[in-house]
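These notes open a run of structures that come right after.
What follows is chain A paired twice: with chain B in the first complex and chain C in the second.
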Partner chain A sequence: MDSVVNVAALLVFPGGLFVIAAGLFYEWIDRKIIARLQNRLGPRWFQPFADTVKLLAKEEIVPERVNPILFVALPLTALAGALTAALYVPMAGLKPAFSFPGDLIVTVYMLSLLTLCTGLAGATTRDRFSLVGATRTLTQLFAYEAPFLLALLGPAIAAGSWQISEITAYTETHVWILVTQPIGFIVALIGLMGKLELPPFDSPEAETEIVAGALTEYSGRGLAIFHLGKGVELVIGLTLITSFYLGGLSNPLAFVLKTVGLLVVLAALQSLMTRLRIDQTVGLWWRYGALLVLVQWLILFVIQIV
Partner chain B sequence: MTAVISPKKEKFIIPIGPQHPALKEPGHFEFAVDGEIVTEATVRLGYVHRGIEKGAEARNWTQNLYLVERICGICSHIHALTYALGVEVLAEVEVPPRAQAIRVLVAELERIHSHLLWFGVAAHEAGFDTLFMYSWRDRETIMDILEALTGNRVNYSANVLGGVKFDISDEQRKVILDGLDFLEKRTHHYLDVATSDGMFLQRTRGIGITRLQDAQRLGIVGPTARASGVMRDVRVDAPYAAYDMFPINIVVETAGDLEARFVVRLKELFESFRLVREILDNLPPGDLQAKRFPRRIKPGEVISRVEAPRGEVFYYIRSNGSDMPERVKVRTPTLCNMASVLSLAVGHHLADMPMLLVGIDPCFSCNDRGVSICSSQGEHGRWTWERLRQFGIDYYANKV
Partner chain C sequence: MTNLNLSDEWNGILLKLKKWARINSPWAIHYNSGSCNGCDIEILATLTPRYDAERLGVKLQGSPRHADVLICTGPVTLQSRDRLRRIYEQMPDPKFVVAVGSCAISGGVFQGCYNVVGHIDEVIPVDAYVPGCPPRPEAIIDGLVKLLTALKQGDPPPTERPTELELENYDAATI
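Let's look at the complex of A and B:
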């Protein structure tokens, strides 16, 4: 019986099908809101799903002089990493499927796997746009990763645990951490935008310079899987930030309301800003992001000691 | 266009074009990069050479009016206007002042539409799609006005040799004025965005600075030159059509960076709004067309220049006494400005390249002329048909 539950957790809920479907749905909300803010109509509700089906049905072209195993395995690894991360977060406001002390770190690095795989996917091909895109993707990874992780560790310190379920239990019973650690919230939110390569941090896939960045050579199945992975990452990122900073996720309704609310904020930010150059992105993170979050930590420690 | 082809060296080259999301028309740019910094830039043009100049020699004077209008989709009126002004001088035909005023009116409306289009494209290249969508939505106003006025959105065909085709009715006058009021409000907002939005300024302020002496040395024209402090505008320097009746104030900035180019173009919009209103209020009475226009034009040659939205358009027209021109030579402003992109590119970030390129408001179809290739291994000059044919045969023979 136990094994059946475990397989279901992996393939149906909270990992697998549920989180993929949620990813597609959240992607639609994101696209729709941006479109409305930009005075466009935007896609219909099933558009991300239709895109995925179309891409899956298409021929996957493996470019010349590329290791075919690597080329096929990278998107799968990326999606697997994102799906694994879904097991440790309070998806849909329910208890995480699995939990152990320190799973916060594992989850964050599972999410980084997607970025890493994207970077590698770009670097394995000989396409010049891919190479520049891969360089930018990995550069950006080093820019936002540390501040983002530090921002997520803020609530962990407040809760006194590095276990996501315990942090969530803490945030549900206390005042929203958004109020007590506002700087950390801002850094985490912007870090998520950097992680997902959303505007203004979309220079790794700036179409007017390097076409589609690291994924230029991907078509068909590989591209679809990378897209799915990104959708999953969006859901998990939103879940993490809401459960840490916005008073936890005690039930499915709170989950939907809070994560969609946060997504609206993300969409508004995306449509307001001009793309940053990669050097400006790195500068922003290390000059302001990292410093801000360290200031947050300092305040936190001072309060705890006092 | 003369391109210098140097032998390939070991460099990491980012090709932009002929097919690339940043380009709306085909052109080929090669940027050698060191990391993110561009160390070398070359351009190859000519992908959309259409043989219009040659085609003009096989059409009569009137037919050419419609041919040259198709050189550029954005400034179609300007080309027809330049051609018509030149041919009218050759034929010694006096154009009624009302017709000239209406020509200027359409030219200024076209400038408004062109500058708004450019503004949107530039915002898109910077990765600010919201601004792109909004400015193009507002541009629809001017497109609707042009359609209401001429019946067409793109190739207006406002000109005939010796005048214009249509008059302006009271209803049309009201449509234009209402549209301009709306656009003026929006343009104030855009100017505010272009000069105060911090994120946008990070991509424009101090990027691609062209100094005054460089602008003069490279022979840059149009708003691009005026953003570097060059006082050059054909509408002021050599007023044509009705610009002596309705003078414009030249808009100049001195910074020479991308921001200055935004400011110059947006401020020119206000100047255009003012001029259109002035013309509508003081439209001179009279005919719309000259009484008679000769079918054959006596031998002679003429140079005709006007200020297109992108800069100076130059026509050289020669007649040999028949009903067709012997030669029509066109030079469009993009060609004059292209050199500035290449000279600016070196030392800038790869991410700035699309912005720098768009900063001159390029129009590739307009500027593509016959190409003479100067190779560094000798081989100058023109290729004969025989040589071109032999080249093709050799190319495919060696390819296998």
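Let's look at the complex of A and C:
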């Protein structure tokens, strides 16, 4: 019986099908809000689903002088990493499917697997645009990763645990951490934007400069799987930030309201700002992001000691 | 997938799903093979908020590997002939080509120039034609919708070039 429940947790809820469907739905909300802010009608509600099915049904071209095993395995690894991360977060306001002390670190690095695979995918192909895209993707990874992780560790220190379920239990019973650690929230939110390569941090896939970045050579199935992985990562990132900073997720209704609310903020930020150069992105993160979050930690330690 | 002894019914559903997805998500790539830029500006106007092609699922892609529909403008010059053919061959199947503007259909005013090969379908097969010099955004959307409708009905897309008479009778103002 236990094994049946575990397999269901992996394939249906909260991993697998549920989180993929949620990723497609949240992608639609994101695109629709941006379209409305730009005074357009925007895509229909099934648009991301239609895109994915179409890509899955298309021919997959494996370019010349590419290791075919790596080419096929990289998108699968990326999606697997993102889906694994879904098992440790309080998806839909319910308890995480699996939990152990220190799973916060595992989750954050499982999410980074997608970026890493994208970078490798760009670096294995012989196309100059995907090479430049891969370089930028990996540079950006080193820029936002540390501040993002530090920002997520702020609530962990307040709760006195590195286990996601315990931190969520703490945030549900206390005042919103957004109020007590506002700087950490801002850094975490912008870190999520960097992680998902949303504007203004979309220089790794800048279509006006380097075609489509690291995924230029991917067609059909590989591209579809990378897209799915990105949608999954969006949902997990929103869940993590809301459960840490916005007073936890006690039930499915709170989950939907808070994550969609946060997504509206993300979409507004995306349509407000223009693309930063890669050096500006790195400078922003290390000069301001990391410093700000360290200041936040200092305040936190001082308060805890006093 | 098709070799797994799936029943005909299941195959039919899969085919329908594929066709539905294909019609509802035509990602486009735009190539100018020697146009005067008039048609290109109209294509960009089609993608702006005023006409918003995203409501039909159209998304402009940078890479030919991601695209389904190749939107071509202009006559094909000697220099861009190989490039056009290469872009077409880089696109994964199934792929469609829309020729936009008089020059793309017939060579237009550039017909017979020393450096011009001719119209688009002398180089690659074309699925839909949008006449006009330049065609209005409404006309481009109309051409795209005609291509998608042809796909939906399962007919082979219209690959014959419009006759001179049809071109003369075409009135952009009526759209």
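To be clear about the criterion, the second predicted complex is superposed on the first by the 306 of 306 C-alpha atoms of A that agree within 3 Å, B and C clash if a C-alpha of one lies under 4 Å from a C-alpha of the other, contacts with A are read in each partner's own complex, and residues count from 1 in each chain.
Definition applied: a contact is a pair of C-beta atoms (placed from the backbone, for glycine too) under 8 Å apart; a residue touches a chain by one contact, two chains touch by 3 or more.
All values reported here derive from a predicted model rather than from experimental measurement.
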Applying the touch criterion given at the start, work out whether A:Gln304 contacts chain B, chain C, both or neither, answering first, second, both or neither.
neither
Can A:Asn6 be said to touch chain B (first), chain C (second), both, or neither?
neither
Quick one: classify A:Gln280 as touching chain B (first), chain C (second), both or neither.
first
Looking at the overlay, does A:Asn67 come into contact with chain B only (first), chain C only (second), both, or neither?
neither
Just checking: does A:Phe46 make contact with chain B only, chain C only, both, or neither of them? Give me first, second, both or neither.
second
For A:Thr173 in the superposed arrangement: first (chain B), second (chain C), both or neither?
neither
Which partner does A:Lys58 reach: the first (chain B), the second (chain C), both, or neither?
second
Please indicate which partner A:Leu223 is in contact with in the superposed arrangement: first for chain B, second for chain C, both, or neither.
second
Partner chain in contact with A:Val211 - chain B first, chain C second, else both or neither:
both
Both chain B and chain C touch chain A; at which residues?
38-40, 129, 207-208, 211
Using the touch definition up top, name the residues of chain B that touch chain A in the complex.
12-16, 20-22, 33, 35-36, 123-130, 133-134, 137, 197, 199-200, 202-203, 349-354
Chain C to chain A touching residues, read off their complex
17-18, 20-22, 24-25, 27, 49, 52, 54-55, 57, 59, 61-63, 65-66, 68, 90, 92-94
List the residues on chain A that touch chain C in their complex, please.
31, 35, 38-44, 46-47, 49-54, 57-61, 129, 207-208, 211-212, 215-220, 223
Per the contact definition, I'd like the list of chain A residues that touch chain B in the complex.
37-40, 128-129, 131-132, 135, 199-200, 202-203, 206-211, 271-280
